[in-house]
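The following block contains the structure, expressed as structure tokens.
Letters A, B, C and D mark the chains as written, and numbering starts fresh at 1 in each.
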Amino acid sequence: MSPLPPNSRTARPPLGVGMVGHSFMGRVHSHAWRSVNAFFDLPLQVDLRVVAGRDAARVGAAADRLGWAESTTDWRELLDRDDIALIDICTQGSVHAEIAVAALEAGKHVLCEKPLANTPAEAEAMARAAADAAERGVLAMVGFNYRRVPALSLARALVAEGRIGTVRHVRARYLQDWIVDPEHPLVWRLVREQAGSGALGDIGAHIIDLAEFLTGDHITGVSAITETFIHKRPLGTAQSGIGAQVADTPSDAEAAAPDASAAGIGTVTVDDAAIFLARTSGGALATFEATRFATGRKNALSIELNGSRGSVAFDFEAMNDLWFHDLDEPAATSGFRRITVTEPTHPYTGAWWPPGHGLGYEHSFTHQARDLIDAIANGTTPRPSFEDGLRVQRVLAAVEASATDNSRWTPVEV
Amino acid sequence: MSPLPPNSRTARPPLGVGMVGHSFMGRVHSHAWRSVNAFFDLPLQVDLRVVAGRDAARVGAAADRLGWAESTTDWRELLDRDDIALIDICTQGSVHAEIAVAALEAGKHVLCEKPLANTPAEAEAMARAAADAAERGVLAMVGFNYRRVPALSLARALVAEGRIGTVRHVRARYLQDWIVDPEHPLVWRLVREQAGSGALGDIGAHIIDLAEFLTGDHITGVSAITETFIHKRPLGTAQSGIGAQVADTPSDAEAAAPDASAAGIGTVTVDDAAIFLARTSGGALATFEATRFATGRKNALSIELNGSRGSVAFDFEAMNDLWFHDLDEPAATSGFRRITVTEPTHPYTGAWWPPGHGLGYEHSFTHQARDLIDAIANGTTPRPSFEDGLRVQRVLAAVEASATDNSRWTPVEV
Amino acid sequence: MSPLPPNSRTARPPLGVGMVGHSFMGRVHSHAWRSVNAFFDLPLQVDLRVVAGRDAARVGAAADRLGWAESTTDWRELLDRDDIALIDICTQGSVHAEIAVAALEAGKHVLCEKPLANTPAEAEAMARAAADAAERGVLAMVGFNYRRVPALSLARALVAEGRIGTVRHVRARYLQDWIVDPEHPLVWRLVREQAGSGALGDIGAHIIDLAEFLTGDHITGVSAITETFIHKRPLGTAQSGIGAQVADTPSDAEAAAPDASAAGIGTVTVDDAAIFLARTSGGALATFEATRFATGRKNALSIELNGSRGSVAFDFEAMNDLWFHDLDEPAATSGFRRITVTEPTHPYTGAWWPPGHGLGYEHSFTHQARDLIDAIANGTTPRPSFEDGLRVQRVLAAVEASATDNSRWTPVEV
Amino acid sequence: MSPLPPNSRTARPPLGVGMVGHSFMGRVHSHAWRSVNAFFDLPLQVDLRVVAGRDAARVGAAADRLGWAESTTDWRELLDRDDIALIDICTQGSVHAEIAVAALEAGKHVLCEKPLANTPAEAEAMARAAADAAERGVLAMVGFNYRRVPALSLARALVAEGRIGTVRHVRARYLQDWIVDPEHPLVWRLVREQAGSGALGDIGAHIIDLAEFLTGDHITGVSAITETFIHKRPLGTAQSGIGAQVADTPSDAEAAAPDASAAGIGTVTVDDAAIFLARTSGGALATFEATRFATGRKNALSIELNGSRGSVAFDFEAMNDLWFHDLDEPAATSGFRRITVTEPTHPYTGAWWPPGHGLGYEHSFTHQARDLIDAIANGTTPRPSFEDGLRVQRVLAAVEASATDNSRWTPVEV
């Protein structure tokens, strides 16, 4: 048997990771950390050191299953470990700020799930902490993973190259249907104290970020409606685990709302749906819709940009495709092209399989891990930054302010 | 040779039609009048009597080409003809009211293209005239033809039967791109005095009507943005006829704006795009977008409704399909069904070709003609009525009011 | 009122048409003759003179409904009429040869529905008659209407321009499902004496012709399987008219098989499905499938060509789209483009509606009528010619020969 | 920090794996072995022990990157290791038989990539060895991974439940385009001695297996054409790695053909494309096409089954969708349903992400690993078995025999 060659796992410097939370997001992040070195040639070797959670038995089982060397019920222990250089925050939003600020102050790089926080004030504190940390070479990144779906990375590249010209329209929707049934229990995502907001922050945050990412512009103001269609729901945990898993916000425990174990009825305190109009700094008009009541739509994130020279369109239901329209083509042979984004020349995809062998949801997280590792090794600033996350938070806040004031036009705070 | 059988064209009572306008809408209406008796078994035989237009040579050529027996440059002549029972108004919106009111007062049934008028005041006068006429058995209908695309007729039937339950979301867009080029001339559709509004009234009116038609509910208020991306355009007529034809409003002369013949630059005085949020009387949230700047989208009218028991979705780019999701299906085999709406049991389609032999754009007008003839023969009230058209007009006015007042929430006048 | 202008219907020379058969094909042909002058600027004005059928009452009613001036039960009367210049044969295949040859000999131009005949011998006689007639300036055309679906006309233009290079693969299918139910009655299309063959000649003929049309090459040999899944069916007419209408072969009377009125069971004597491999004179490999047992597929004609420089793909279920892949594009932005074939620069579509306002099934027949009128006026040879139809007939015969001889490779007779 | 809980990685019995080959298939198999325990609750814990390859440096680097504890240049060493219970064969087909037979005789379970071998004789020897081994509790499985794409697993379940009735048609295609360029070098996959056959065995094998898997029937005979479009190609390795990676057959070294390093031209000795007709034991007609010359199609595996009660259709370009048509639905609301196969009740998908969060190509391999581990733990027979693989091999042989004998109908040896 041969020994490991020079450029081996043991030879590369390790990047010790500590993760907080081990539910939906924790599972997908773990997969990314486990996989990234097998597909990308990186200067650091990921070491899955410790996972933190609230319940000892559950976090222990998660460590076992997800590949972490150790587990703990106290996330603060991670801050003191010399073998941990990066804290990955996969909890529900209500504790993002506390953990992230502490980690950055302790000199740990931070990857924090989205939305950055539950309030602009928290997000501001986090962005300040990130700015301070950056001066010490400590980096922070927020997990808007969809930026790194290859088709969307390619869309950004085309827009940045001017292939669609000046953007006039953004059309973004994120549609789910997991709480259409009025008997679906009052899980924590339906409780404001824990989730911050409902569909708005959970999935609306993604399309806000994508709109800014793809255009390279900022959202300057909004006019909004939010709605809660079903106000009372039974307490109790989601039987099939669907309720717990379906939404897209991280949480370290997919616990139901307070008193969930008691029989009875509780009140939904977040939005079921949010729709809003916006303008961008680049002069585009934008429409947004985030809802958990689009019956039959499971995870239908779609976004289209129309520009003066072309258009791009994406639908997560066919996540390996980007549709591109180039106005420079002769009209007789012009049309939206279905680009299967799996070529070696496409973003990220050369690391995976041959053309046409499509990727899945979790790959965007592996790409996120890749880019963050690269940034850490090279000392560059990873994006989306906490500043980017803060801007999304301010859009979320503007949406809520507009919705509670009769759809009044509400500028986004700068 | 055999003589014509008893139930012959000559044996059936005639329905004399006079049409005002002979451009895009005039062409498609003529086709409907020429074709309807060949496909539907109707109690009246259409007689294409007279077409009216402004220019003698052009209207004469149109009569020749489109199959009308006579032509005139004075539409008022149609009012005095005993052999004309129905006036079909295919002009630009600015003269709808004058013609329609006069025709109804003269005891002629009226089919009027959409939008009903250029202002709510005009539309109100028309609705009053229609109400008065109805007491005398004289009927009026507004030409929201998309209601009679079979897939949308079927969608309405499914919604009315309760197949999708309570509607929570309406998502409607009408996207075109024919004036993306800044060199496209300032045709009449870009001039407020003639067109009333831009994309809003021209194509936005269709999706407003469809939203009300499909839900069976009314739009109660809106928050809106309108935008004109290109303010100055060269005068002159559209070279290729595209500019003249592409928009969807009728006109009796696709004349360019005033002074179009002069060299120079003119000002666009209507919106290029309109986006708005709305609520319906049934409790749904709705988003609307109408634009002529969606590069690559030619006539992309799409609408989706999500309800408590299911969903329907339609896209005119595949106009023979209706997508239907039924929440009652077991999850394991559940999904949006692509219903090819060409079965004998589907609305209108049994009259045409065998299953799978799809229809085109103009068939909706033939179906409109069919239903109007049926209503005239049976003395029933055709829909969409002028009252329906007035309601759309009020929504258009509310959109403009909201857009000019900073997206302020604007209730729709009842 | 103005008189008709100089270039009027009455001023243009008439083209008197006599049609034999008035069922499915007769209906769609009539529509084409009625409509063609309204959309295309042609040197001749169509005059729908006489329709011939077997039953006096039925043909009289058809004349009334479809817009013919007169009707007759003897198609030979058409040959003697000076006011008839063109005979349009919409009968079942078993009488094509007799009528076509007689008409050509009588100096009438002929449009004959497909397949040209029921046997190669008949088709040869027809092709000879057409060749003789051509010397006297009398023209003949066979009705492979799909060539004139604009998307397929565009596909041919792209191939002819070399945009896809050398064709390596042809993949053609025509799928229907109207006799999946074993209780569907034994209509005439299931009886060899009347229909010649089953799915093979009825719909397979279309894709054979399209393969030759699109490639510009000939099919040189085949290896085939045919199958009859259900051998016994109840006698009787199709209750809903579906059975009678669904198939794509013309017939002057959608009569059921002999003894259909008697209760009982009859034998299906044609194929339900045919599949075959082929080679083309250009070196391509081709696969064909024609079936009436593709459950859920209503009229799914699809064809794709792959060449050394690109590909084209078409599916009649979305008949206004052509998909085009251009290998010259950079890989990063390469993909099949969905060309919505409704631009003014596309074949035929400039005559109809603005971009994006799609056409339907029957438009291909109107385009066929347009091109035939043009050919008659200009004395040019219309395509597809009877020679083209004969070649298809020989492919059909080779398929049957191969299928009955254990899929033996069978060259197509030249 | 908490210790690992009782049901921990260390507590579960290990399953030591040794893998031969580390190219495309080796990479994807490694990913499956690394990931399977994180997503599925299994009785055994995979231990990636040793990877074998021909070149010491390359196999060492692969071990490092892919997560194997050790590497070797002699696959026979794996047979003697007590800590290896399973040999995973990811080499090119020419050495499958030798390795598999030796491993089975050594008492190791075997997973062997497809096609099972390069000749029926080899496959027969392997099937005999598997049968012998089975008596000693040693298991063998062949890697037709597409069976475990969830949408195809669901398709099989629906067919097995009788939801589509008796299958009448199978329509299978596997289209790629990676050697359209005549300058693409003569890689080993284009050389008969190494690859056995070309598109036929590489990708055609998959659709043959799927046809048998989905129908539950066997292919009884074929009529075939194979073709080599480009006979001479430059020697040399594929520059971009595309040539090496794109094809779907495993290989332990993506070496070019003999003399590849020498400048010059070599001869392609395998098929570029294969098309064939078939009949199944269940009475269905089937068409197959496998090609590397379908310009623009990257990995377009599609298959459709039409039955007496319904249909299923799948296209790998949208691999998370299954299309299902149920003839029992009323015609008015009938249509192909797009089932997004990501529900907890669907095969495998409950282990991954919430509904709508689609999977990618490699997941099918993880599912394969899961089922094989389960079979090993439970002593059940895994499918597809070597017997299944042998049957595919015999179909491949029949295709080649038919193609070389003028498409003669060729029964598949039983």
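Going forward, contacts are C-beta pairs under 8 Å (C-beta built on N, C-alpha and C of every residue); 3 or more make two chains touch, one makes a residue touch a chain.
Nothing here was measured: the structure is a model prediction, and the numbers come from that model.
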Chains touching subunit A and subunit B alike, please list them. C, D
Classification of the subunit B:subunit C interface as same or different, half of numbers criterion: same
State, to the nearest whole Å, the distance from the C-alpha centre of subunit C to the C-alpha centre of subunit D. 43
Whole-angstrom distance, CA centroid of subunit B to CA centroid of subunit C, is 34
Can you work out the whole-Å distance between the CA centroids of subunit B and subunit D? 54
Among all residues of subunit D, those touching at least two other chains are 297, 334-336, 340, 344
Which residues of subunit C touch subunit B in their complex? 1-5, 7-9, 24, 27-28, 30-31, 34-35, 37-38, 50, 56-57, 59-61, 63-67, 70-73, 77, 176, 178, 240-242, 245-248, 297-300, 316-319, 340, 342, 344, 352-363
Residue numbers of subunit B touching subunit D in their complex, please. 154, 158, 163, 321, 324, 326, 330-340, 343-346
Within their complex, state which residues of subunit D touch subunit C. 164, 168-169, 171, 173, 175, 177, 180, 223-225, 227, 229, 273, 275-277, 279, 283, 285-287, 289, 291, 293-297, 306-311, 325, 327, 334-336, 406-409
